[in-house]
Structures are given as C-alpha cells and as structure tokens.
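There are two complexes below, and they share subunit A, which is joined by subunit B in the first and by subunit C in the second.
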Partner chain A sequence: MSERSLRAPRLPRVPAVPLAIGIGILIGGLLVLASGGDPIAAYREILIGALAPSNWPNTLNWAVPLVGMTLVAALPLRGGMVNLGGDGQLVIGGLAAAMAALYLPLPGPLLIAASILCAMVASGLYASLAAWGETRFGIPMLISTLLLSYPAIGIASYLVGFPLRDMATGLAQTRMIPDAARLPVISGPLNIGLILMAIVAVAVVFYDRRTVGGYELRMRGLNAKFAGYGSVRLAAQQVRVMFASGAIAGLVGAILVLGSLYRYQDGALLTPGYTWSGLMAALLAGGAPLGAICAGLFFAGLQTGGFAMQRETAIPRVLTMILQSVIILFLAIRHGVGRKSS
Partner chain B sequence: MSTIELEARSIVKRYGPLVANDHIDLSVLSGEVHAVMGENGAGKSTLMSILYGMQAPDSGQIFLRGAEMRYRSALDAIGAGMGMVHQAFKLFNSLTVWENVVYGMEPTRFGFIDRREAARRVAALADRYRLQVDPNAVVGQLSVGVRQRVEILKALYRDARVLILDEPTAVLTPQERDGLFDIIRNLTADDRTILFVTHKLHEVMAITDRVTVLRDGKVVDRMVTSETSAREIIRAMTGRAVNLTVEKRPSEPGAVVLEARGLTVATDGGKPVVDRVDLAIRAGEIVGIAGVAGNGQTELIEALTGLRIPDGGKVAINGADVTALDVERHRDAGLAYIPEDRATTGTALAASAADNLAMGFQRKPPLSNGRLLDAGAVTAHAKKLIDRFGVKIGSEQLAVGTLSGGNLQKVVVARELSHAAPLLIAEQPTRGVDVGAIEFIHAQLVAERDRGGAVLLVSAELTEILALSDRVLVMFDGRILAELPAAEADEETLGLLMAGRVGEAHLSDGTEAA
Partner chain C sequence: MSLMSFITPSLVNSAVQSITPILLAALAGTLCGRVGVFNMAMEGQLLVGAFAAVVGSYATGSALGGVLFAIVFTVLFSLILAYGATVFKGDSVVICIGMNLLAAGLTAYLLRQMFGVSGTFSNPGIVGLTRIRIDAINTIPWIGWIFSRQTAITWLAWILTAAVTIMMFRTPLGLRLRGVGEDASAAGTMGIDVTRYRVATVLFAGGLTGLGGAQLSLGTVSIFSEDMSAGRGWIAVVAVMLGRNHPLWAALACVLFGVADALSVRLQSQGLPNQLTDVVPYVVTLLALALSHRKRLKRRAAETITAHA
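Moving on to the complex of A and B:
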C-alpha cells in the first residue's frame, strides 16, 4: 500500500515522550559511566548550564535560531511534507541580509527591516523552488530540498571567499555591517531577534489553530487525498507553505547575521547544526507547532547545558547530541514510524 | 479427468480488521477451467496470492493432488507445479522472449548458458501449445497479447500443472482474447488445470467449466457453468438479500447539469478504460450507472470529478467547461461528490468529525470569513449535521476513524449533501453499509433529487440502481452500452446488458443500444 492516509502523523501519546527522554538520559548516563565520568555531575552541569537564572540569556539566545529552524521543519511537516533544505535556506537568508545591510542606502531601522525582508523573500523563493519542482515535474521534495542546499552553500561560500570578501582579514567573510543595521540589544547576548522569533512562533501556532490555511494544511497532513478531493488546492498550498517555511529560515539567517555575527561568515551559520536539531524537534512533536516549539526549547536547553558541562567537567558536549538522537530513535520505535503496513 | 487437482480448505487471511478471505473452500478438478469470480475487493487476489505461495494464510490448508502444501514462498509453489500470470506482467522488456522464459532455469553447457538449446526448447514449447511467439524477439517490442503468451510460456517451461490467470483479458483486444481462449483449450486438452480469475461474465460463460463466486471474502456460490446463467452469477456476485424499495414520485427533469462528450480515459498501451462516453444528467433526476465493477466506472467518475484529467472529450457542469480543471473548480461549478472509498478519499480518519464535516465549507461563511475559521461555527455545523443525519458518535471532536462503516459513510453523505450543490455524484454510496443506513442514504438521495438536484449514481448493486434511478445507463467494457428508462429496467435485462449481451436483452424502442 502506497497510501499514506492510514499512517497519518499522530501526536506522541503522553507517556511516550517522557519515556523516550528517560531512556535517553539513562543511555547517556551509562555512556558517561563507561568512559569513566560521573553521570550525576554531568547532568547537574547540564541543568545548571541551561536553567540557572544567570544562564537564561545564553539558553534563550541559542533557542532563537533553533526554535526558528524547528518551525521551518514543523510547518511543512504539519502537511505531511518534508523540508530538508534548511541549511541552504539559512545560508541564503544570512547572505541576503548581509548584502542588503552592506549595500542598501537606507537609514537605521529601515535598513534593518529591509535586510530582514530581503532575507525572508530570498529564502522563501528558494524553498518554494523545490515545491514547484514537485508540483510541476514530480521531483520529490524530500530529495530536492536537500540537494538544493548544496549549490546555495557552495555559491555563498564562493561569493564571500572572492567577490564579497573582506580584504582586511584572511577569512572568507564579508565586511562588518554598519552599526545602523545591527539588531538592537535587549541585554547581554539577547537582541530583538528574540522578540521577532517569539512573534513568528505565536503566528505559526495561531495559523495552525485558527486559520483556514492551517486547517487545510492539517487535513493534508492527515490525508492528502482527502484534502485534494475536498477542495484544497494541493499544488498552490505546497508552494505557499514552502515559501513560508523558507522565509522563516531566512529570518533565522538574518537574525544571526544582523544580531550576533555582524557579517556573513562562511560556515558560521551551519556549524551549530540548527537545521538538524530543529528537524529533530519538529519530528519529536509530529509537526504540531506548539509541541515543536517546546521540543526546540528543550533541545536548546540541552545544548547550552552541554557547553556548560564541557567547560565544567571533562565530558564532551557530544553527549547532549547523543541524548537528542536516542530520544528521537526511541520515539520512532514507539510510533512504528516507517513500519510496513500489514 | 475428475480427480481433484487443487484444493483449499478454510483459508483465512486478515489485514488488520479486514477479513480478506473468510474460511474459503475451493476445489479445482484436474483438467478443468475453473473461474473465480467476484467484484473488486471480494478477496480473489488475496486467495490467488495464497495459492501461489506469495502470502501465507492465517489459517487453512492447501492440497495439491492430495498432498498438503506449505509454501515458504512462491518458489515452493512453482516447484510444486503452480504457475501464475499476473495482471501486470513480470517480464524484462529489454531481454528476448527466450531469455525471459528460461530466466532462473537456464540450460547450461560448460557452465555457460546454452543459448541455442534454450531458444530451441522455448520454440518447441510454443509450438506444442500453439503459442505463436518468436523466441528471439525482444519483449519490449511485442504487443500486450504476445507478452501474455510469454508469461504463459514461462509457467509452462517450469512445467506448471495448475495455471492461475489473474484478470487475463483486462488488457486484451477481442481478437487477442479469442487467441487466449484457444490457448486455454490446448492447455486443458493436455490435462493442465486453469484457475481463471475475472469479473467478466461472458468470458466465464464462454470458457469455464465451473465457477466459484466470492463476495466480501466468503464463497457465496459454486456453480457448474453449463447449468447456470449470467444472471445467476451476477446475482451471486453483487446481490444482497435485502430488497429495499424507495417511495418516489416520477421525476421532472429540468436543464442539463452535467454533460460529457466523447470522454475517454486511456491506459498505458492498452485499450481505453473509458471509451468515448457521452452522457447528460438533468436537474431533478437520478441517473444510475449499472455495471459489474471494473468496467470503467471508477475511471469515468474520476474524469468527471477532476480527480483525473481525461485523455479525450469534454466535461461541463452547468455549462462551464471543467474538463481539465482540478476538483476544487469542479466543486465551484456545482459538484458534490460521495466517493467510492470513504476511508481513503472521503474522510481523514485521524481527524475529528468536526474537521471532516467542515471540508469544503472552510472558506465560506458561516464557518470562516475566508481567512479565519470560526471554531464555534465549525462545531455548530458539525453538531447540526451529526444530528440531522443521525451519525452515532460521542462527540464531534472525536476522530472518525473509530466509526462503523455505515456511520462513516453518513459523515461523507452528510457533508456532501449539505453543500446543496446542483450536481451530486454518488459512487457506491451504500457499499459495506448496514441495512438501516442504506435505507436512510437512499431516502436522502431521493430528497436531493426532489430538491432539484441532478444525481449521478454509480453502483454495482442492481437493487440500488433499480430502486433509485429514473434512467439507467449500463456500462460495459468502458462504454455506455445502453440507456433505458427506469420502467424498462429489470434485473434480467440489466443482468444481460451488464454481461455485454446486447442481443439477448429485450430492448424496446425507447431504449438505445450503443
């Protein structure tokens, strides 16, 4: 049976998520123990690093791009579609923001707004290219989103390595953007990117729950054939949703460039792996936006805690990535994701 | 000649809650052509895949010439003397006929394939059963009928004593079909046994010795072909014990609402499944399309509703050309549609009843202002329909996946009828539905007509067609074979027409035979 209808993504049943997290913590603890560390100390440092009030700004700052990329994955997933192209869309957004900030002759707040807008439109268009390819030519988006990332990353890398390179440094990066284009700081590492992302998160949840588009997307996710039969224009919807998904990735890129890096730097947006953590968080919640946001925050806490643990103990922060993976794997087992229908 | 070649005892196969084969007994005599008949979904394919070792039954036994068989895979079945020609051929198109035939059992010489010997053996085999095939031809360049002969050769090369032919004529032209029948006669003359899976009556009457009829996974009848009639077989295949009559006034047809001209749906390489169909459905009438399932009704409806773009012809709803448009624009033009399959098309099982009932209404007041849904209105809409159509469900917020077939169908019918669209296409509206729900749905369809709606009813249930239709179209082999007013449609005439036997049906002047 090729029908997906019966395999509709369900929200994790209540006990499944805590169970998976528990198993993840257990296996992680055993790994620490096996490598001669103290699991209690490791987890204590993770908790302190993530949740001690003095560390909140760090955790939140890490959560902004991660939750953003979670929404990038969750939005299409809600409709049964997969966007694996977050990396490419992130890079395009970051580069577009940097170029707009460097070259547009606009005053302060306008420059910021224009840069963000450029980033969102560029990434949105790039993501909808994959949707168009599927609706028009039948190229599966699962493949095309992933493959389209590589030229984006490669071209961005070339551009900042050669034509746009800051000659004053030896690195592949653009010049610093003007002060006027930098996102206003709230406190410490936090800037108004936090507020922008919070607005987007609320908007996505609202869209999902209250709008016609959100209803149609949910129905598509539960049974695409039903949605098509029932009057949803699947092709147009796919392009729209992918545009929105890409635009959020563009916003994340813009926030990182305008808010913390102040320039586009080759590789800097991708090294932290926001796209894949976000995808895992979205999968954890089965695409449900509110759940995905919570999962994104959880992973952000885990990762910032991981940095703290690495500083305070001899245990590398890779442990937190293992925790993430184990949790997802156990959820997948519980739900029989990919199990052959009998 | 009358020893039992193949016997199946009490075969049971379940797919989740669905019982595809429910204690099926089948016994096939050696040297006979035995038809296994039934509509789509009756369990024929499941039974064949079990007999051929592709699937293991949940319980039950298979005997071949008296010995119990336990197949681990189809290879065991082939080794025991079973052969099967699948509906979709399993051939290497880029290889030659003999390469396809000997594949896996190649004659060798010094460890290499003995090409000359292989070709010679294939030619000899073809000659023996008068299968006209050039062993050196490339399969991809052969016609469908010849490819089928290659499949038969493959089975004979492995010395199949029992040959399963799964819908063998579905892709053949009449001439190719006659050729196949000659081959079948040659095979049985050699004391080989044929299991002939089909839902085409005239073929069963023409070529088979005995018939086993399946319905809903059970054997409903066993007959000797020469002692039965097409009508009896049809009744066994489609008939239900219930015979519901519906109170209705004579129809008062108005303007044409749905019109199709020359509508054609092609298949890859084969003959069209829908072949130049013309029809016109008027406001205030119910037009029934009768036919044994699989004669193109499903594809016709797909082409009429926008689920499939037709390969030829035109479709207009209320005068608007919607031929190449998607479902939504068909709906905008005035279509409401009860699909054949309520579980995969008609509903989203994991979604709530409220969400299911809102589909199609979500962009219009009162459910929304086009952008924002009014949750209260969605709930009220659902409650109203659940109440009006008597859907038995605890709350409109519950997922519909747990509902019984009849209740789930009521959800679909409720939603589509509440559109009050000018045109309603109802496809198998009461299949697998309990008697009470059938009665209710029938009454709703008549009410829809009396309201002035044009209703196109597709059903394999003769009783349903006869009870509801003001006019009956008989579909056979992709074409509208005949059109007759309800007064002249009786079970016998329809039965003969559904079997494609126009000449024997007594058609009066008011009736057109195409």
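Moving on to the complex of A and C:
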C-alpha cells in the first residue's frame, strides 16, 4: 500500500474512504431504485435506526461483537496474515463458555471469569492450530483457518443437538446457564461485555503502538523477510498472534453466550455474520487497530440501521452487506487497500 | 456389512453429480493460477451462477436459458476480479473476499426483491437440467452408474478438463498462458499482452464457474437456497492448491472430495447424525492438504541437504 502510493500518487489518501462509502451508497441506492424501493427513505431509516439517541444502546450492543471480530481479523492482518476462521473460533468460544458456566462448580464472579477464560483459551488454541499447520507443514493459513471452521461448527452443532441438548425445548440448544454466570447488565441491552471489549480494544491499540511485539508484528506486515532477518522469530510470532486473535474471538463468543443468549444455541452466533463484517472492517483500515475499530463501529451502525430500514420500508437488510462489500471492493481495487504485503 | 452393500448405484451416481460444480470451479482456479491471478472467489461465483441459472430457467422456461444466464452473469461478476487484480493491481485476496460477500449479499437481496422469499426459492416454473440416460449401459455396474443419468454439464465438465489440459500443455496458447503466470515481464518482452491474457482467462474461468453454479441449482434439485454453494468454492480452492495448478491433479483432488462426500451421505444413512457426517469432506480435505504439504517440505529439506553436501 505505502509502496504503491509512493510510486503512483493518483488520488490524495484522505478522501479514499469517504469516496468509497459514497460509491457504496450510490450503488446501493441504484439497486434499491431498480428493485422498486425509495433509496432516500431507506437511507433515512438507516441513519435514524443507527444514530437516534434512543437507538444508541442497540447500536452499541451490536458493535461489541462486531468490533471484537474486527480485532480478530485486524491483529493478524497487521502482520500480513489473514484469519478467515473467525466463525469456527467464535463457535468454539461460545460453546466452551456455555459448558464452563453450566458444569463448573464455582461461585458468582469466579464462574464468569472461568467461563470467559475457558472460551478464550479454547478458541486461541484452535486458531493457533492453523498457524502451527503453516509453520510446521506449510499448509497455507489463508485456507486452513477457513477449512477448520467447518469441523468446529459441525461438531458444536452435533454436541448441542444431541449430548448437551436441553430436552425441555424443541431446539438444538443447551440448558440456560445459571444466573451467577450471566454478565452483569449496565442498562437495557448493554452488559459488562461492552467494558471487556473496550479494554481489549485499548490493549490491542496499545500493543500495536507501544510494545516491542506490536512493532515486530507491523514490521512483519511491511516485509516478513526483513523482519525474519532482523531476528524476529516468525514461526513463534505467527502462533502467538493467531492465539491472541482466536482468544478475542473466544471472548466475543463468551460475551454473546453469557451476556445476551444465556445459553449456547445452534447457529445463533453465526447468523448475524459478525466474522465477515469484522474482516471487512479490518481490511478497510488495512489492519490498523484504531482505524479498524472505527470501521467496525461504522459497520455496526450500518447494520443496526439496516434492521430499522427493513422494519420501516420492507427493503431487506442484506442491503447493508452489499454496501459493505462494495466499499471494500472499491478500496481494494482503486487504492490497493488490504494487506501490506502480498 | 460388506463393502459392496456400502456402495450403491445411486451413491456412485450422485457422487459424480456432486463433483461437477467443484470440478468446474477448480478448473477455473487452475486457469487463473496459471496466469498468475490467485482466484479464491469461486464460492461467490458458484453462488451467482446458481442464482442466475434459476432466474434464467424461471424466466425463459428452459434449462438452456438458465445455463446461459448463469454463464453470462458469472462472467459479468468476474469482471471485478479480472480488472481489479490486473489493470488496477488490487490485492486479489481482498478482492475475492469482497466478491464472495457481495455474491452472498446480492443473491439474498435479489431473492427477496424478485421472488419475495427468503431462504429457499422453489417453483414448478424452474426447469431443471435433463439427465442423459444411456439405455445401453444404464444397468451395467460402475460404468452405468457413473456415465448414465448425468447432466450435459457433468459431461461437459470432464470434456473441458481434458480440453483445458491439452490446451495448457500442448498448444502455443497454453504456452503463452503459462508464460504469463511464470514470468510476466519475460512474457511481456516476448510481445505477449500480459494484462489481456489475464483478463480473458479470468473471464473464461468465470464462465466455467457459472456453469458449475448452474449444475448446482438446476442439476439435481431445481431450487435456489441462500448460501447454497456451502463451501464448495473453498473446496475447489483447496483442489487447486493440491493439484498445484495442474487441471488433472486438481480434478483428482475433486474426485477425492466427491468420494468423501458420498461417504458422508452414506454414513448419514447408517444413522450417524448429519452434523457429524457433513464434516467428513472438510476433514479429508484438510488431511490431504497436510499430507501433500508434508511431502513437499520433506522433498525441499532433502534438496537443501543435497545442495549443501
């Protein structure tokens, strides 16, 4: 990216993102128009749905997992690596948290802490499996992270469908977790998951800017060979970064299960599509944590607005997914946004 | 239970059917890989093809119309990668991720807006592909199971695999294509318009994947469901990797997947829960990937040792 802008400064860097958003809105609007809807009304409802003060808690509540999954993608991306396995890691985290909450004999706050820890470790280990596969066997992580998601999702689905199923309901889900394991509520839909995620976000930004590890990761992103030559142990770094990335996905799963679902429900963690939106937000910022967090918040607003739009105008809310992908495609094509090294 | 009771004619037959979309996508992937464009947008391309095929078949009332729609719209969709990764020099990984999501969003949106349904669209107006029944061999074990009662697209897929292999390794055009991928600047010096070759290849590959999408939605079930490509495009990406951009090896990897898929269907009918059996093809794929790369690492290590000796 930086190399390209040195070579061919076509457009100034700053307006790239607003321009991309404008293009996305334009194409989305044309699509709405073509399918017989009113684009102005649609966008008005998105804006109101996302930004009206009474809707802030909803937007924030949606932003917690989305920003979380943004960080999951952004951290490896900073080092030029791609983690496409967020879905699998999210599911493992959610299931681990639910199982710990259901079966560990611990009192109140300790139970919450233990559940979250279980989720983070389980997902972290699963994610580092892909990194280990690449460093040990040379299996490209780009594809192995994604492929590893399928067994994780399938086995989780089997577990809640059969051995762990709550027989009292007709659905594939676990029993409700005890009250002691539920995350304390701040107000309305918001729980302390918001605070946990904010702490993680600050930690990632701090790691990126102020620590040796963060510096080495950025160096790897700019030029992995150079980083290796400068005695960064690339293999160990890769496993470490993927563990951290997976652990954040585990945390997101735990927050969703302990904070709003109160049980592990088959498919409930994946249907909202946090993983892919998060990945796109991270790509939009080229993996820079602060920018990625902003992009994640933007996408969260767009999606909560999408619900309002669907409610008020009957235009399907998948429109927001189209907007997100158009924005990314435009940036990738026009401005080479994405991974620094390729 | 003996092995022969495990393998049934319909199992073999449906395995061959289920390989077709993946085979076409993998063929597309090898072509793109050969000219140096990394294509992992097949998942989205298959989805666009499957959707366009259903729209075309429903609108024109003929399966051929559906197939043509699938090819045309998938080629149009592939313009993003064709120009994005070449003329505009974008990162193909990012472009492909964007394309896969755009395909999922766009098909889901259009499904709701055009047909007023979410999830699955099925309608008697969707004309499926006819299966070609060859009476002479229909009941012969294996031969009949494999070759009879297949769609024209399945036949075409294997013919195209052979044709692409011959084209790639036995014709001047193939030589130029490989040259473009191997060393673009050398190919350019030889007077080959690298960008034009790349764009044309990616678009042709888009047409192949569109054909695969048509088989997916019109080949067996004649419906469209959201996300009906269900990872097949990713399996094709793996097949391309396993086959190291060689169409025949990639096809072999697709067959391996087809066998694993048939196995999972069979295990399911033995009473295993489908959540577990669905995992089988992906686990097999991962294992194959691990084994092939392990061998490669060993060879590389051996080469290094001999080089130092």
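Everything that follows uses one rule, which is that the second predicted complex is superposed on the first by the 323 of 342 C-alpha atoms of A that agree within 3 Å, B and C clash if a C-alpha of one lies under 4 Å from a C-alpha of the other, contacts with A are read in each partner's own complex, and residues count from 1 in each chain.
What we mean here is this: a contact is a pair of C-beta atoms (placed from the backbone, for glycine too) under 8 Å apart; a residue touches a chain by one contact, two chains touch by 3 or more.
Since the structure is predicted, the reported quantities are computational estimates derived from the model, not experimental observations.
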item	value
Of subunit C and subunit B, partner touching more subunit A residues	C
Contacts of A:218 with subunit B and subunit C, given as first, second, both or neither	first
Touching partner for A:105 - first (subunit B), second (subunit C), both, neither	neither
Partner chain(s) touched by A:229 [first = subunit B, second = subunit C, both, neither]	first
Touching partner for A:82 - first (subunit B), second (subunit C), both, neither	second
Contacts of A:318 with subunit B and subunit C, given as first, second, both or neither	second
Partner chain in contact with A:151 - subunit B first, subunit C second, else both or neither	second
Which superposed partner A:137 touches (first subunit B, second subunit C, both, neither)	second
Overlapping contact positions on subunit A, where the subunit C interface meets the subunit B interface	342
Subunit C - residues contacting subunit A, complex	40, 80, 83-84, 88-95, 97-99, 101-102, 104-106, 108-110, 112-114, 118, 231, 234, 237-238, 241, 273, 275-276, 278-279, 282-283, 285-286, 289-290, 293-294, 296-297
Residue numbers on subunit A that touch subunit B, as the complex places them	3, 5-6, 8, 10, 210-216, 218-219, 222-223, 225-233, 342
Residue numbers on subunit A that touch subunit C, as the complex places them	4, 31, 35-37, 82, 84, 133, 137-140, 142-144, 146-148, 150-151, 154-155, 157-158, 161-162, 276, 279-280, 283, 316, 318-319, 321-322, 324-326, 328-329, 332-334, 336-339, 342
Interface residues, subunit B side, partner subunit A - complex	15-16, 307, 326-328, 331, 337, 339, 343-351, 355, 358-360, 362-363, 368, 370-373, 375
